[in-house]
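Next up: the structures, one after another.
Each of the next two complexes has chain A plus one more chain, namely chain B in the first and chain C in the second.
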Partner chain A sequence: MITDIQTFFRELAASGVNLTIFYDAFDFDRFVTGLGNTLLLILASSFFSIVIGAAGAAVLTLSKGPAAAVVRGYVAVFRNTPLLVQMYFFYFAVGSIMPVGQNEIGLPQPLIGSFAWAVISLSLYSGAFNVETFRAGVGAVHSSYEEAALALGYNRRQAFFSVTVPLALRFSFASLANNLVDLTKATTVAYAVGVAELLYVSNQIWSDSLNTIEMMNVMLLIYLVLTGAVVFIINRVEAAMRLPGFGLGDGQ
Partner chain B sequence: MNPTNLLSQILEWMPFVLQGFALNILMSLLAIAIGTMFGTFLGLGQLSPGWIIGAPSKLATQLFRNAPWLVLLFYCIFLMPYQINVGGISIQLPSWLRATIGFSFPVAANFSEIVRGAVKSVPRGQWEAAEALGYSRRSTLFRIILPQCITRMIPPWMNLYALLLTATPLSMIVGVEEALGRTQAAVQAQSDSRVLIPMYLALLAMFFLYTWPINRLSLLLERRFRTK
Partner chain C sequence: MTLSSNSQPLISLRGVRKSFGSFEVLRGIDMDVRKGEVVAIIGPSGSGKSTILRTINGLTPINEGTINVGEIKVSDPKLDQVKLRHRVGMVFQQYNLFPHKTVLENVAMAPIQVLKQPRRQVEDRARKLLAEMRLPDKADAYPGELSGGQQQRVAIARALCMEPEVILFDEVTAALDPEMVKEVLSAVRKVAEDGMTCILVTHEMGFAREAADHIYFTDRGVIVEHAPPAEFFTRASDPRTREFLSKVL
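Showing the complex of A and B:
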């Protein structure tokens, strides 16, 4: 079976479409590593960006003091500056003053590597957008829900976490899906700090095998599948959490 | 070296970086112009009831909207010729110009969605009323629907421009000498690790000072247009 596939792509290469990743074990391994790193970047950054977004939106809703000002400042800065410059700032500038450890053969090795910096800056960047998303979701919940909870004896904090948040989450899905699609696309920027993700390994492969057009098309196709998958997953979660008679789908 | 020395050293490099930033602005202005033009056609194409124009417009919009900017940039940098011949005159395409064209694709696709969204946001009753008054589909679109859409399209269009400007440093990866590339060059030339943080902070500040007012204005306009 596998040899059949390899033979097929070898013959295809002879006819002009050189997809080394499907018959060359070395290129295949590199490609799979890249795809794995891209998936890992997406998963880790999505998780942290959602946590940051939720925490930021909670602070903005519950407090009016300096904490809210800090969150607003964070959102403004990270939304209005380029992700690539942020990543360079973290990797080169902040990275230069970070403690350096040693690896097993005694060479200096930074404690936070390029992958970790990429996750940190992607999470902070996407998190700023998620703060706005969740904040808008909270704003979309009609105040009568909170008043009803208060009338039932909940205090403000309880009403927020037990009533407003679960409803706000359901209003946030469309915008969240958008942000996570943008995050998926933004993982390519990690290429710039040397994370061996999909774009990086594809670049290596086409530099070695001189099949630039083929690899670019494969890469484009994979990113389209990935963004499609993100939208699909969010839609499934949204459908699973749908409340009868509530939300945009049923009521209007 | 004392702090004032460090500051003057950084200030000395600022004109060099600012010239790079001017290229960022130039690229973003060109790309938004090209992208808006093609995006308008794509967006109106998406609204076409026939599939001959509708389907390709939808496909192109989704393709360029969902592809990473950097990947589209790589396409344009690697697959576009270095020079083109038009009527015997050869025109050089420097990498910054090819990068600009690379940015135009996602801008066009995003603007296409803005156009479609704005047209869809006009209540159906207006189409029906125009039809009852004897307007054709075309003149309904151009004389009744689109004039109302312009104001609705301005805030998202400004957001798109801000997004585009913050994407322009990506062109540094493919060798365009813009602000980020120049900052890196300046840092290397100084070979002093203490300038790293201030230099990158200055670059972040440049982008922030340019982009933040645009986003604020867009938010204000959005609020103004919403209240009727």
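Showing the complex of A and C:
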């Protein structure tokens, strides 16, 4: 089976379409490593950016004090500067003043490596957008629901978490899907700090095998599939959480 | 109805004033409601009727005056809101049921989460109340699957499940189709007949006339007059009341 596939792509290469990743074991390994790292970047950064977004929106809704000012400042900085600049800032500026450990053969090894910096940077960048997404979701929940909870003896905080948040989440999905699609595409920026993700390994492959055009097409296809998967998952979650008679697309 | 009028009032408002920005909605409201009484507040829209209700359970803070519910002083900055809202329930015009909770959860969640009562006991009570509201088979439905009249009866059950001493009804039939108004009014009447103290803001003059012990008429933030319904609807003395009644009756 595998030999058949390899033979097919070898013959295809002879006719001018050189997809080394499907018949050359070394290129295939590099490519799978890259794909794995890209998937890890997407999963880890999505998770942390959603946590950051939810926490930030909660602070903005419940507090008017210095905590809210900090969140607003964070959103202003990370939403309004380029991701590449932020990632360089973390990797080269912050990274250079971080403590450095040693690996087993005595060479210096930073405590936070390029992959971790990429996750931190992507999470903070995407988290800033998610703060606004969830804040808009909270704003879309009519205050009469909170009022009903207050009239039943809930305090503001309890009303927020028991009533407003579950409803706000349902208003946030469309915008959240946007942000996570954007995050999926933005993982390619991790290339710039040396994370061996898809773009990085593809660059290595086309430099060695001189199949730039083929690898470009593979990249486009893979990112289409990845973003498609992100949208599909969010749509499924949204459908599972749909409420009769409430919110967008309730079928009425 | 049989209580003597000199018994201690359960709820009393004295000189209550409230402004939204430069607009003074309430300009000195005095009101007494005794235990078991049914009081209807009527008046033109914008006259402050709903605001009066919302000041009683502290949803709208007041600028001046005092409000007492039993021994609780509502305008006290150290007010125990759980204690107040345990005693004073409210039913809203738009029902305001929680769309992400089933009917049973809507009715039972506050006593469980706020009053920390045991779940089983609260749910038994909630099912009984739903049966009394003639909704026994709707416990597991979501509010969005019910008609407006059914939702409003769930909202009444939700208020009752807190076992309050008084329930505030804020234009509870105003958002309903005419055929559903009747079912909700008969639910309100049942609550009143079971001895619950009720304060209702309503546009249903017929209902106010037969169900209320006392009618207050408000206009531009003041109570123009108050009287038992028989007297109010036949011998209203103030020209503003007479004008209003001539329009709505």
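Everything that follows uses one rule, which is that the second predicted complex is superposed on the first by the 250 of 252 C-alpha atoms of A that agree within 3 Å, B and C clash if a C-alpha of one lies under 4 Å from a C-alpha of the other, contacts with A are read in each partner's own complex, and residues count from 1 in each chain.
The rule is short, and it goes like this: a contact is a pair of C-beta atoms (placed from the backbone, for glycine too) under 8 Å apart; a residue touches a chain by one contact, two chains touch by 3 or more.
Since the model is a prediction, treat every value here as computed from it, not as a measurement.
Engineer: Superpose on chain A as described above, then tell me if chain B and chain C fit or clash.
Structural biologist: After superposition on chain A, which the two structures share, chain B sits beside chain C with no clash.
Engineer: With both complexes overlaid on chain A, does A:89 touch chain B (first), chain C (second), both or neither?
Structural biologist: first
Engineer: Between the C-alpha centres of chain B and chain C, what angle is found at the C-alpha centre of chain A, to the nearest 10 degrees?
Structural biologist: 100
Engineer: With both complexes superposed on chain A, which partner does A:181 reach: first (chain B), second (chain C), both or neither?
Structural biologist: Touch partner of A:181: chain B, not chain C.
Engineer: Determine, under the contact definition given at the top, whether A:227 touches first (chain B), second (chain C), both, or neither.
Structural biologist: In the superposition, A:227 contacts chain B only.
Engineer: After superposition on the shared chain, which partner residues are touched by A:245: those of chain B (first), chain C (second), both, or neither?
Structural biologist: Only chain C is touched by A:245; chain B is not.
Engineer: As a test of reading the superposition: which chain, chain B or chain C, is in touch with more residues of chain A?
Structural biologist: Counting contacted residues of chain A, the larger count belongs to B.
Engineer: Is A:191 touching the first partner chain B, the second partner chain C, both, or neither of them?
Structural biologist: first
Engineer: Pick one for A:66: touches chain B only (first), chain C only (second), both, or neither.
Structural biologist: It touches nothing on chain B or chain C.
Engineer: Of the partners chain B and chain C, which touch A:81 in the superposed model: first, second, both, neither?
Structural biologist: first
Engineer: Going by the contact rule set out at the top, does A:162 touch chain B (first), chain C (second), both, or neither?
Structural biologist: second
Engineer: Closest Cα approach between chain B and chain C after superposing, in Å?
Structural biologist: 21
Engineer: Report the residues of chain B in contact with chain A in the complex, numbered from low to high.
Structural biologist: Going through chain B, the ones touching chain A are 63, 66-71, 74-75, 78-79, 162, 165-170, 172-173, 180, 184, 187, 193, 196-197, 199-201, 203-204, 207-208, 211-212, 215.
Engineer: Inside the complex, what are the residues of chain C that reach chain A?
Structural biologist: Contact set of chain C toward chain A: 57, 59, 81-82, 85-86, 89-90, 92, 94, 96-100, 109-110, 113-115, 142-145, 158, 162.
Engineer: Looking at the complex, which residues from chain A come into contact with chain B?
Structural biologist: Where chain A meets chain B, its residues are 76-77, 79-86, 88-89, 92-94, 96-97, 181, 184-189, 191-192, 199, 203, 212-213, 216, 219-220, 223-224, 227-228.
Engineer: So in the complex, the part of chain A that touches chain C is made up of which residues?
Structural biologist: Residue list for chain A touching chain C: 144-145, 147-155, 158, 162-163, 166-167, 170, 243-247, 250.
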